[in-house]
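Read through the structure below, which is laid out as structure tokens, and then see the notes.
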């Protein structure tokens, strides 16, 4: 798919079938997030969740523009990235449901979904911490001469923590093949980002402080995201260093768990729902001549995938208690003394 | 002196006697730094020193423009700030020489000179750590409504650490009365700052990332420093928030201890010696009509002060061993258990 | 009977009482204002005291505690919230190198009356980066006072002591206890830092516990009491000052010591307590000193796995049985 | 006789040996390149391996270890230098929350073969923020291996083991030992992590020491030997894996244990060692377990004050005399 979209771009537009595929991917993610929400309310998901419904276009658009061997680093709000990179909805939901069949063997949980075999190198629950780590994967790619890029996705709130600053400066100085993609959804938890940040675009407006190129993009338009990420990745692979992208988007649910998001001004959610990434893609599909039935069929396929994933996750085994004491060390164990 | 210099500025120039006073202050600091260097070589100063010879104009110029109740925070290279704010050369040298008569009772050492009674709230040896602390003093001034400002002096190297970023953003958002004054001496230890920083002016070029005003100033011209600090302090007191100043300067000695500074390109030191803050001030004095004899007299007075300080510091008592176990807690003690 | 209050409510109540009596007390942290904090432990403060005294911050842990330090040095009594104690790692330089050393390295010139509050501990399925019990991190740093209350009344009383303290205090609020209820504290209630509480008297063995492990120890003691053995439970309440007098006196009576900690065994605070008893209380002991602590692994997500790792009543009971049988 | 080498030189030698055999080993840190590091512990590496493998960084401790982590996850074996161990506090999130938990919380998907090297310890008059011994900070974090060699040969052998380890290792190089000399290590010398060394055999008491306190313990043992008592000195070499088998076996022979640590008593690593012995070795003991550690204060600047705070040979000797007289 990667090759397809870039090809279609250079051809001056996205091929309808490619875009329909992206649409379906987003629909699967949306459905899985809804399912996660329902499962949480039903008491089947413990701990916490941070749902990415609304953010799908960022993950799917970026993944479409990346190589399979590229590296992706996400936050605790990372279900969409895990799935966009190839973790199955079933193994993600199983992880949320504390199943041994979870993608992290129920040792990580919602905030730490990881699919290393697909280059999805983790979800990080300490805000901003993964930006230097992503830079490190990029450094490694440079040292090994593989042409891989690393992408760090992070929230608007992450732009005020020190690790952001250190990562951007060092990546710029070393000209690392890393993309810093901010998912600006206007809020850090319950606080509007504008009230705690000195600039309007917390990521893009800071890029000049590191002499980096930046772009503010429509994070709800999967094509716009794929396009921008594709260009930034190409620059990175060409040795031209990092790019900062700030994707404007919105989360449909509250911050986490059962947050009712009362801090949002009336009408704001509706405005954004009108620009739902699925709607935006639908509209693009219509323009490209894709029939409503084809879109409905994609919706149905996605719904089926989600339903099967829920069933599979529910049916999964509980974690093996022995797992509690494994995987600390590379030898598989947890022995710290003789 | 504070009032004088601002008055003279608004009058469109510095009064000769005021400038001569600043010159003499700088000469005292220079002499004290030279003495510290010699005492280190003689084995009378233990641990380490980071001499500020060459940076005098930043400290003296800033102090001249500040109120006595303003707060100053410096780095491990902070002798000049301690003295400019009123710590005596004798108590500073005594501290370096591990004397009980040291300004920190020999518990701090060269890197931690502090004179709280003069608003000199410490020298910090973890790069960048004091920027948020200075912001806190500014916040406190705001909360107490005192009109005080806080000034953080830091090196060019400090601009790449996370605390810099966090401090500037929060200070900007809260519009705190704090000045961030970078002493850009071109090097972080042995590495040219340009080789590890993405922008040319590591402090000033980043101010826009926090929507802060910035100025690059001649850090070897005591008048230029006083002028810029005076204006920034006035803005801060007027509720207009922080300012970033980047003072270009140069250290005459190596980074610390006996560093021969071989990493400097040939001729660089000489170029800067030609712009020695004392020379710059001398030249300005000459223009103002101050006679060479008056300057020589100031030099002599300064030399006498330094000689007396060295003698006094040498004569000071060693530290009371009981001091090792005092001053952890506000009750004066160090008891952590019953 | 006195009013009942939750541990969570006690935090806000404890802060509010001090804010009413001392205008120099101010709060800062992420989402602590109108939102009332993610654990609702600052609920009502913004409404009562306003934005002049309750400040929302960006996600900037270093700035939060750094600013609190600067304010404390210059006449204020700030209370900084670090949302989860795991995030203390993001501002550890301030906790390890700045705050606790300020007074000492300036030769006593500077006083640092601040409180860093933080939600601590596991048991809620928050995973490896949101579940740690890290009082032991603070214990490694001379110059910090360390409070970790286990009851609502102690939360209020120790909060008062912490805020009034002229020394920096790290105040650990246990996430697993937030919903627990207890008597509220009478007006003016202050629990001096550094006094352990004998939460249950007993004569056959001493259990030393802290925060979340206090209810575990009490439950275990209750279970064993049915069978006969009488267990003394000491709630340390603080790690610094550390009330070893109470611990040693108890061991003097019982001759047996079990320490129950939520932090990992390696580097846990119980090591310090055990080593003092193994030295100064050596002759009091009739049995080995036992420690029940978390396994030396990161905290796993699934409840079933987390239970394997952190102390449970069953593990405490089993350890006590072994100790009593020695 | 074998060649003599300083501890400082051994660091660079140990790194160089591994860089020669494995191209995936790369170094990064502040001033480590052409300048050779502020302690000259990377001297010669830049000249031999060039800027492609020895990278100078800005003052960005979080970026340094964060980048090392990302590189380690993707096929490299980075060695990150944190100039003074006190500065680990500036990147503690990576040491506490990221590096050690990565493998576990991903269910074993990710391997983290990295080394964080750092100059540790006091005794040089560098003051409160440049003198701490912080191996105990790392001990509080499951998932980190902890090396702290005391001799040049061990530096080389343990550096080899650390770099070859597929687990993250924090490697403490003691500032006070930098100038000390000892035999160099033969080619291919590897000292497996987690094996303590019996630095001196003895039968009357066991001293457990680490890094700088090893020479103190040996000196004290030497002084006492003149008077008769025979002291066994164990150089732990690592805190994780912790070789308690060697310690317990020694205490089994001597019945007396003194632990000598440079970190403060409160929260010190000796607490963990003592508590294990007080539990598993309880019946072996004929005397209280003693710990000589730093006083619970920040490190003062003046030599005369620093000597009051950190362990000295005199303090070790005095403690041993008391223990032997018990």
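By written order: A, B, C and D. Residues from 1 in each chain.
Here is the rule we go by: a residue touches a chain if its C-beta (ideal position, glycine included) is under 8 Å from a C-beta of that chain, and two chains touch if they have at least 3 such contacts.
Small disclaimer: the values here were computed from a predicted structure and weren't measured.
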Which chain's mean C-alpha position is the greatest distance from chain D's? A
Contact-pair count is greater, between A-C and A-D, for A-D
Averaging only over C-alpha atoms, locate the centres of chain C and chain D and give their separation in whole Å. 30
For chain A versus chain B, what separation do you get between their C-alpha means, in angstrom? 46
With chain centres taken as the means of their Cα atoms, state the distance from chain A to chain D in Å. 40
Roughly how many whole angstrom separate the Cα centroids of chain A and chain C? 36
In chain B, residues with contacts to at least two other chains: 104, 106-108, 112, 124, 126, 129, 160-163, 166, 169-170, 173, 195-197, 323, 328, 334, 336-337
Any chance you could list the residues of chain D touching two or more other chains? 57-58, 60-62, 86-87, 89-90, 93, 97, 104-105, 127-129, 142-143, 240, 242, 266, 295-298, 300-301
Quick check on the complex: what are the chain A residues that touch chain B? 160-166, 168-170, 172-173, 195-199, 205-206, 208-212
Contact footprint of chain D on chain C as seen in their complex: 86-87, 89-90, 92-93, 95-97, 100-101, 104-105, 127-129, 134, 136-137, 139-143, 240, 242, 259, 263-275, 277-280, 282-283, 285, 287-291, 295-298, 300-301
Which positions of chain B touch chain D when the two form their complex? 46-48, 95, 98, 104, 106-109, 111-112, 124-129, 157-158, 160-162, 188-191, 195-197, 263, 318-319, 321, 323-325, 328, 334, 336-337
Sort out for me which residues of chain C touch chain B in the complex. 26, 52, 55, 57-58, 60-63, 65-76, 78, 93-94, 97-98, 102-111, 113, 142-143, 165-167, 194, 240-246, 276
Residue ranges of chain C touching chain A (in the complex, touch as defined): 30-31, 33-35, 38, 56-62, 86-87, 89-90, 124-130, 266, 295-298, 300-306, 308-309
